[in-house]
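Below is one structure, written out as structure tokens; comments come after it.
Chain naming follows the written order as A, B, C and D, and within any one chain the residues start at number 1.
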Amino acid sequence: MMERTTFHRSLPAIALALLFAATLFVAFVEVDFGEPRIEEELPVNYQPGEEIDTENITTPGLRYLANSSEETGSANLVTAVVVNYRGFDTLGEVTILFLAATGVGALLSFIKDDDEKKKKKILPPSLILNKGARLVLPLIILFGVYVFLHGHLSPGGGFQGGVIIASGMLLFYIAEPTKGASHKVISIIESTAGLAFIGLGIVGLMTASKIFLANDFAGDWGEVGMLVSAGLLPLIYIAIGFKVGSEMTGLVEKMRGDGS
Amino acid sequence: MNELVFIALATLMFILMIALAVMVIRSKDLIKAAILLSGVSLIASFVFVLLRAPDVAMAEASIGSALTAIILVFAIKKTNRFEEGGEEK
Amino acid sequence: MTPDPVLLIVIPLLAAFLTPLVALGSKKFARYVPLIGVLAMGVVSLLLLKDLIEVQPRTYGAYNTIESTTGGFQPPFGISLIVTPLGGLITFGMIMVALYVLVTSIQKKEDDKGPWFEMMAMMATAGAVGMVITGDLFNMFVFLEITSISGTILAALPRGNGEKGLNWKGAAGYAVISALASFLILAAIALLYGATSTLNIAQMAERVGSIDTFVAGTALLLMIIGFGIEAEIFPLNGWAPEVYRGSRWGTSTIFSGIIGKAGLIAMLKVVTVILAPALEGNIAMDILLWGGVITFIVGEAAAFTSKDLYRLWGFSSIGMFGLILAAFSLGGENGIYAAVLIMIGHLISKPVLFSLTGAMRHKDRDLPLSVLDGLMGKSRVTAFLFIGAALMLLGMPPSPIFWGKYFLFSGAGGESNWLLVGLLIVGTLLEAGYIGKLLWRVLPKKEEAKAFKLPITTTVMALIAVALGVLLGAVPGLLQDIIDLVVLEFGGAIIILAGVI
Amino acid sequence: MIAINVIIGMVLIIIGLSFQVLGALGLIRLPDVYNRLQAATKSITLGAISIAIGVGVMDPTLLTKAILVAVFLLITNPISSHAIARGAYRSGVPLWKGSVVDKYGPALERKEREVKE
């Protein structure tokens, strides 16, 4: 009976949602993502991988596809776009994460822990879980570091490496409910990494091109495909990796509260 | 990859995702809903691999199916586990 | 020397990352870091504004702009920031509002938990500035996210020191609704990107003529709903009163002076630059015009019936957003003049009203209108400032809003749009009704309560603001250079403001 | 002519797949959480490892990675299923009615008593 009345009341909402979904569907079907412009602008007899004269191109995606490793020194196209062509967006995304994590911490500090008395003594973690986590944690962190160090060579990068490290720390928190990294250390790493990102951006403002986040050392160090290459991109990805890792760890730590 | 296989796999994944999402909405047990939600993310990350976006897939797999779920579970532990009208344990 | 506009974003980010570091050492000192950041932003934006008016720098189209690129690639390949006349003016105004909030609240001991209010206020401003000056659609979305996340946290910060208040309800509502807005805007951006293969706003405007009408219409709908939520336009502002009711006065000021304004300008930018050319006729502008007028009426009517002072000012802000939107969409010289002048007047008077209301705070959670009873007897300075700011908001003669309404009425009358004129008169009468009601309460009464003292920073800042408002209202010619540039930006012709006066 | 390592790899993958199928079957058919974990851990670990090694044998350039994956699975899978079983027991998931022995219950009670003291 109850079910039926609520269903009746939500009928207009369901109808609206369906209409909205149908509109979106039709509109998205109508759009050919990325297709037509690229064919229009390509030179005749274009071979995939061939470098294009940038004078004649106005579509950003086309230039990224053709010239990214030449212009940014990064073997990974996604990294080239994320850190160099659209690095400003990435700075913004990192800030969003930072704001969210800081804000959660700030808001939680206003909630008094009224379940102080409810807090029961927790059992020590099981031996297998504890030792296993200690065995696996360094491997996970190593993998995370690998992912963000090789961000300009292989899939992955700062964000992915950072969250992999954070998920390792999460495992550690589950295995060791009473211990945790110091808030202070997490906060220092987080802020320093953010400052490092902006500092690397300001390097671009200081060097030849005088443009924020410009990658002026793109071809100077190493060949494309080597670990030390792509100019400032790997350094930026290291900063992002540390920042995201410490932020997500801090977020989990704050949400965990005390021993639950 | 064979295009037919690709379409079949993708369709299967989308059906699974929708089914899981419906289960998330219908579940009155919030922890169960959080875990099902992480299942949706896991399948989404597989779809990203199918679409040849390994970068996104890595982020989706670790954020969507590990960190988000655990943060939701921590938040649920601080409040009530069951929605109103759900059965109490 | 022209500073790089990217500094407007880099400085607050630098300050934001520094704040937690400083807070580890001294929480007291950390509260000054965002203040210094906003001051530096103010200096940069003032220099930019000066440069826009005085020098004839890089011209883009017919009006002065200052451009900056990031990432080392020229647009459309890299992300560019473009300070247009309107953008420069609004940026400066928003930063001044933030400065007002930060300076006024810096001596309060409301929370000893850390510098979070100051930091989030600065970041909301930075995001809003970014939304206004960016030349890239996805970058606009990123700044929208920064703004709405810091706005959510601002709304959730409790007024007092941690008691369970009304703040959580408003913040939860805003969090959900602004997430929806972000999704809608992101979907619209995806549609436009798919159709034009570019994210640069200028390039998109060139290419958008050839895209499918249904796609453009859907994108328009999504954009209007999404930014309308941020700008508190009528059917989409259900979240706003709760936020105004439950949060601090500083949060209310930031929502009404910064976040809402940025949403409004971003919506105008997207609709006028990108979508209006893609659609036949003036459908887009008509939607905005009537949406704005209805928002004006509804907001003022709700303010008229409101029993809580915070909510009242919130509804009045909503009404003002509607008025500004209507003025912009009316277009023409008169419309643009009206919109800019009303916006300036609102930016000056609302922080004063909110800060005085915040200073009068009761122990009660809600703030009934009766707190104003006999204010004149309790504190003459407060009453004087309150009356001044309220009359300025209404549009009594030495006020920018007076000239704004003058131009608005002449614009609407000039087009013989009598329905519009009638509705505007109805809204203005409602506004006069509730402001008169408030002022009646302020007058001295028989039973005088104990004296009430305004904090010194509030007094000084409010005095400066009211004086500035009166100055600009008495000599509107001061604003003429920049407003003429804005008119050029919107494709109108220059008229001589001094000649009209 | 198919190379010998490809054949070995194929055989390993087929073995792995059949163990996976059996494990999935067990996951559906077995009566309670603890029994299902048997299927989920043992046969699926073995299945996954032999698929990984099989891929490594088929393509020797992947062998190192395959062995690393196998070792990682060998460490993590038992630990995680141990944690699941322990968590399930402590949050009160009942044993199947046909279970004959429960050694963890008394041990847990003893530990709780120790902690309280």
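Just a few scattered comments:
Basically, contacts are C-beta pairs under 8 Å (C-beta built on N, C-alpha and C of every residue); 3 or more make two chains touch, one makes a residue touch a chain.
None of the values given here were measured: they were computed from a predicted structure.
The chains that touch chain B as well as chain D are A.
Looking at chain C and chain D, the chains that touch each of them are A. Nearest to the overall CA centre, using the mean of each chain's CA atoms, is chain A. At the far end from chain B, in terms of centres built from Cα atoms, lies C.
Spacing of chain B relative to chain C, judged by their CA centroids, is 38 angstrom. A straight line joining the Cα centres of chain A and chain B is 19 Å long. Mean C-alpha positions place chain A and chain C at a centre distance of 31 Å. Not a single residue position of chain C touches two or more of the other chains.
Under the stated contact rule, the graph of chain-to-chain touches is a star, with a hub chain touching all others and no contacts among the outer chains.
Pairs of chains that satisfy the touch definition comprise A-B, A-C, A-D. Across the interface of their complex, chain A is touched by residues 4, 6, 9-10, 13-14, 16-18, 20-21, 24, 68-73, 76-79, 111, 113-114, 116, 119-120, 123, 130, 138-139, 142-143, 145-146, 149-150, 152-153, 156-158, 162, 187, 190-191, 194-200, 203, 212, 214-215, 218-219, 221 of chain C. On the chain A side of its complex with chain B, the touching residues are 76, 78, 147, 155-157, 159-160, 163-164, 166-167, 170, 248, 251-252, 255-257, 260.
Against chain A, the residues of chain D that register as touching in their complex are 72, 75-76, 78-79, 82-83, 86, 90, 108, 111-112, 115-116.
Residues of chain B touching chain A in their complex: 53-55, 58-59, 62-63, 66-67, 70-71, 74-75, 77-78. Put simply, chain A touches chain C in their complex at residues 23-24, 26-28, 30-34, 37-38, 58-61, 63-64, 71, 84-89, 91-93, 95-96, 98-100, 102-103, 106-107, 109-112, 184, 187-188, 190-192, 194-195, 198, 201-202, 204-205, 209, 211-216.
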